[in-house]
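Quick notes on the structure that follows.
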């Protein structure tokens, strides 16, 4: 049958060549460039707008400069920190913690989510507790974390995992709940069980909801990490500690500089999730454009 | 045609009556009772287990009692606070703020989500910013909130909305992204546009993801509220303030009592969302049991 | 409804649908697939045209293009100011609505006042033999029942209470694929009646050649991938026709032979 | 495969499927709906049984019960130790897999070693005339093409590389509903060949009476809501039969009349 | 949102911490001293840390607040002298190094972990400076001879109790709580490091623009402040009770009597801002690299206070 396809190809190519001449000319390459551009310019525009408003507010002396400094003060500050290497250090520490904490959360949240989604008793017993735990602010957990682990890395991890794992578990659970039953039935008929069931049916079917859960989990993890670093601050320079000390000395430009860094990381991570999400939707045929 | 149905009914009833005798006997009533019970006992079991472990740890003198008090100290404390009315007061203040803040978040998040999901330019421009904003911990926003609103109710609301609205918007966006295109096409063919489009197609289609978003949004709102009340504390007794002062004065039993209250509220709210979710899945025919 | 008929008669000079050199390619580069190749087709107002073609030849794609859900890669499509009612190949019912809710929504979009919707929907449900299922949800129906609900919804979209005077174009994609022969025969009569009463222009996709001959003024044959119009057959028999009449069988046999040749030429 | 045939022959004494007084009600209380009412049916190993019945009479429900996806409200179902391969009325393909991925997964579940899967899947795709579409995803196919992939997947499930010696029960729910007559005729031959080669027991739901007579050893007629077995027809003609032969037509006409009576009695 | 803070008629917005070192405010509020002199009750806002208080001051959320020396220096430095003025002292003393038994001298601290409330705050600087002067090394990331761990005081109580740290340089009431609840012992009272045993722990800060626009309100505030200070010094026991009552109202938990007594014994309440200790402290901070050089000239504005004091026939205070 394969030769058949090969035989058919040139014919198809010729037909398409005709169409190309009509309107598809050079479409693919130009397409990609246009696509990148059309997803970039709005971002740049929004950025320029935000900066403009910010500067305008400063020029209008909306608030005294020491509470609301302008870009002209914040960016040099940021640059200083980049230059003297302190930014690299804080960034590295924090990202390392974030990634480890998030990885643990994915495993823990994934396992809990899978268990709760599968076993009705577990769901009845602790389903709601998962969200309940999530509503306890990190600041409440910290005393316990400190109690358990002292002022150590583990204490921070504990808080991060407690923040992120529930979201991830919830994502998985809602993914399972909203999987079309016909696909589950198809899997049953095919005899998918155990590992195969997870690998070939449940995981891919719930992937969209799971990615959404991961995204939310990341936001929780990151917030918890900041709070953790801010409070369980033991020497290692980190973004959260930086945030705390900027605030402690009422250093507004420094605070905004740190916020910008945190925001940028948040945005970048979301872009990564967004890309994963788009790839998924393309595969599933959910892209309507 | 209605008479037709009415005519058919007794016939059907008789047939069903036969079946009932076979095995469905008294099913409906017993069913409901069994269902309630089968969703309750695991919760009670989990609760008993948790209490047991807690008490066991205390008896084993795992940590000194003034850092890790047992149920025997915590519950009387809780009861005291209920008795002297302080619990009612803090609860009322906090719930009022939570509900108002959440309501605002739903509106703001819903509008932003709908706009971003609809307009490609907006999505490219600020789609990722939404999650980005969410990763900034409340503690960072507070200085700004205070700057904008002073130490007022609005400052707290600001923080709550900033925490919750992005989740809600994200829920809506991912709901729209994962709506089966065939339904969107059906809507187009029917000429659904404007308000009708939202009311009859987009809202119901995205409801499941939206409910998940609301759930996450609630968790964020509640955490932000606690953090806000903890920091912007101006006289009115509230759960967050209670948490802060319990913590400041190292009142471990008080702290745990407050945590239990917060946790219970979290669990109750999740149960409410869970019920909504289950109703939805029933309507959509997604319940596989 | 008399008004609609007059309206349709008045504008019968121009085509209700005009496809001119329409091509449609999916994807681009090596993975591209040409679904339709320079299809030109005119459908007169009030005409009932049936489309025949092998599986995957581009029939659904054509309907999507005509209803403006997709855009052609080349060529033009003109449907004038006609309203379009499309019945998809899948039922595509809204799962959050009851059966009657799905139909009532379509009626609402066509300007039927709230007070009449319930009864009009019940009427349509009666037409597709689903009395008593108004309150069920789509997932509680069998496959064929869902298809009939989708049919009722499409018919609801041919209602025009706004008195816009615009013609209605009804596109149907294998509407009876999941139905037993008896139910289908009954529905043929109903469709024909509604088509006539409302002066609709119909583009009807089917795999059943007899069905095409039973219903169509004209039967259009598409070639396999890429779809091209290979032949058109006028159906001269007077209506109402019976699907098991000899005339229908004879013409159907001719068309089947032609179709068989076409399919075997392309290997499917 | 010869082994499977022998196996099937050996156990021909017992029924491959035995339904005994099977009833199925959906819902409870006032909204309850009785879909099947005391259906009793035996299918011998290696037998090809076709199920006919009006839309919504409970055919799909019956297949779901036999494949143990649902549990009957009353009565018992015994399928022995047979493996079940079910082709749903909808395609029910996994949207996250390519066409070949969907089929390969089924092969994997039947113990086909990784190295052979790709070629076996290509073979099955050739059988349903979808060479060249292996790398596409379900949403890139036409309705009929999706149905054919689902058919290929169901056929993949009838493979047994584990040499368990257990018989296979193939349940098919309107497998050719969305296909043109030519493609369908070709697939009839293929299905018949595979059935014979692998010694399958087949329960086949269709709305096409000729198709039922063309394929079945026996045709079982279900009444409309609630479904009951009203009549069974042995098909005595030798195989291979031609769908447009006079014998097939004659028996089909008889069954159609019986069915028509049944449908009109219940109003559909 | 927000209020512009001008408008002399409205109530004064006064900030302070629910903490014994802010007893002046606690007693003043409890006994209605502020209300008496201002004519209306002040709008009270409590903070649990200096930075939040300064934030609020910047945002015009409060007009005047009691804070420690360090936040005041920061507020002054960051606003380049535009935002605040210190208008009176409030409390002195009440800071000590508490260690676990077995540590008897500074030398025993080698290799030990000592907590401070916050990196770069007054106590943190004092500890680092003192160790440095005794030849012990420390660094900002917790290394060196003595490992300094900045953490919140409430966390310190916990970590000290569970043995994760060996000591802490903290203010009251944590000194007394560590001693009384966790069997710590005072190794060094910070008093002993300062001339006359006096160094500022709390003072009263006012928003500059508020003070410029409402001199009379500030005068009334100061009158009340002076009266409260006087009352505390004259009626220690009653004042301690009143402060504790107010604490109870604000936080829902009173101090235990023994902690309350000990705390009140260790803290001195005075109108003198003890400016020398503020300036010296700033110098120490620069020494250990925790503060950029800053010119503090003009941070004090004690004229109104001195007018009041002299009109009441009391000794004036000075800003050196």
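First chain written, first letter: the chains are A, B, C, D and E, and each begins at residue 1.
The rule is short, and it goes like this: a contact is a pair of C-beta atoms (placed from the backbone, for glycine too) under 8 Å apart; a residue touches a chain by one contact, two chains touch by 3 or more.
The structure presented is a predicted model; accordingly, all values stated were derived computationally and were not measured.
Trainee: Any chains in contact with both chain A and chain E?
Mentor: Of all the chains present, those in contact with both chain A and chain E are B.
Trainee: If each hop has to land on a touching chain, what is the smallest number of hops from chain A to chain D?
Mentor: The distance in steps between these two chains is 1.
Trainee: May I ask which two chains are joined by the most contacting C-beta pairs?
Mentor: Here the largest contact count links A-B.
Trainee: When the centre of a chain is set as the mean of its C-alpha atoms, what distance in Å lies between chain C and chain E?
Mentor: 83
Trainee: What whole-number Å value describes the gap between the mean CA coordinates of chain B and chain D?
Mentor: 46
Trainee: Please compute the C-alpha centroid of chain A, do the same for chain B, then give the distance between them in whole Å.
Mentor: Chain centres of chain A and chain B, defined by C-alpha means, are spaced 21 Å apart.
Trainee: Distance between chain B and chain E based on Cα centroids, please, to the nearest Å.
Mentor: Centre separation, chain B to chain E: 41 Å.
Trainee: Chain A: which residues touch two or more other chains?
Mentor: 4, 67, 143, 147, 247, 285
Trainee: Would you please write down the residue numbers of chain C that are in contact with two or more other chains?
Mentor: 33, 90, 140, 267
Trainee: Check each residue of chain E and list the ones that touch at least two other chains.
Mentor: Residues 55, 58-59, 154, 158, 162 of chain E touch two or more partner chains.
Trainee: Under the touch definition given earlier, write down the residues of chain E that touch chain B in their complex.
Mentor: 1-3, 18, 44-48, 52, 55-56, 58-62, 154, 157-158, 161-162, 177, 181, 250-253, 255
Trainee: So in the complex, the part of chain A that touches chain B is made up of which residues?
Mentor: Chain A reaches chain B through residues 38-43, 45-46, 63, 67-68, 120-122, 124-140, 143, 147, 166-167, 170-171, 174, 177-181, 184, 208-209, 212, 215-216, 218-220, 222-223, 226-227, 230, 243, 247, 255, 259, 262-267, 269-271, 273-274, 277, 281, 285-286, 288-289.
Trainee: Could you list, by residue number, the parts of chain C that touch chain D in their complex?
Mentor: 26-27, 31, 33, 52-56, 58-61, 89-90, 129, 135, 140-145, 148, 173-174, 177-183, 186, 207-209, 256, 259-260, 263-264, 267-268
Trainee: Write out the stretch or stretches of chain E touching chain A in their complex.
Mentor: Answer in residue numbers: 49-51, 54-55, 58-59, 71, 74-75, 77-80, 82-83, 118-121, 140-143, 147, 149-152, 154-155, 158-159, 162, 164.
Trainee: If we count contacts the way the header does, which residues on chain A are in touch with chain E in the complex?
Mentor: Residues 64, 66-67, 142-143, 146-147, 150-151, 231-237, 245, 247-252.
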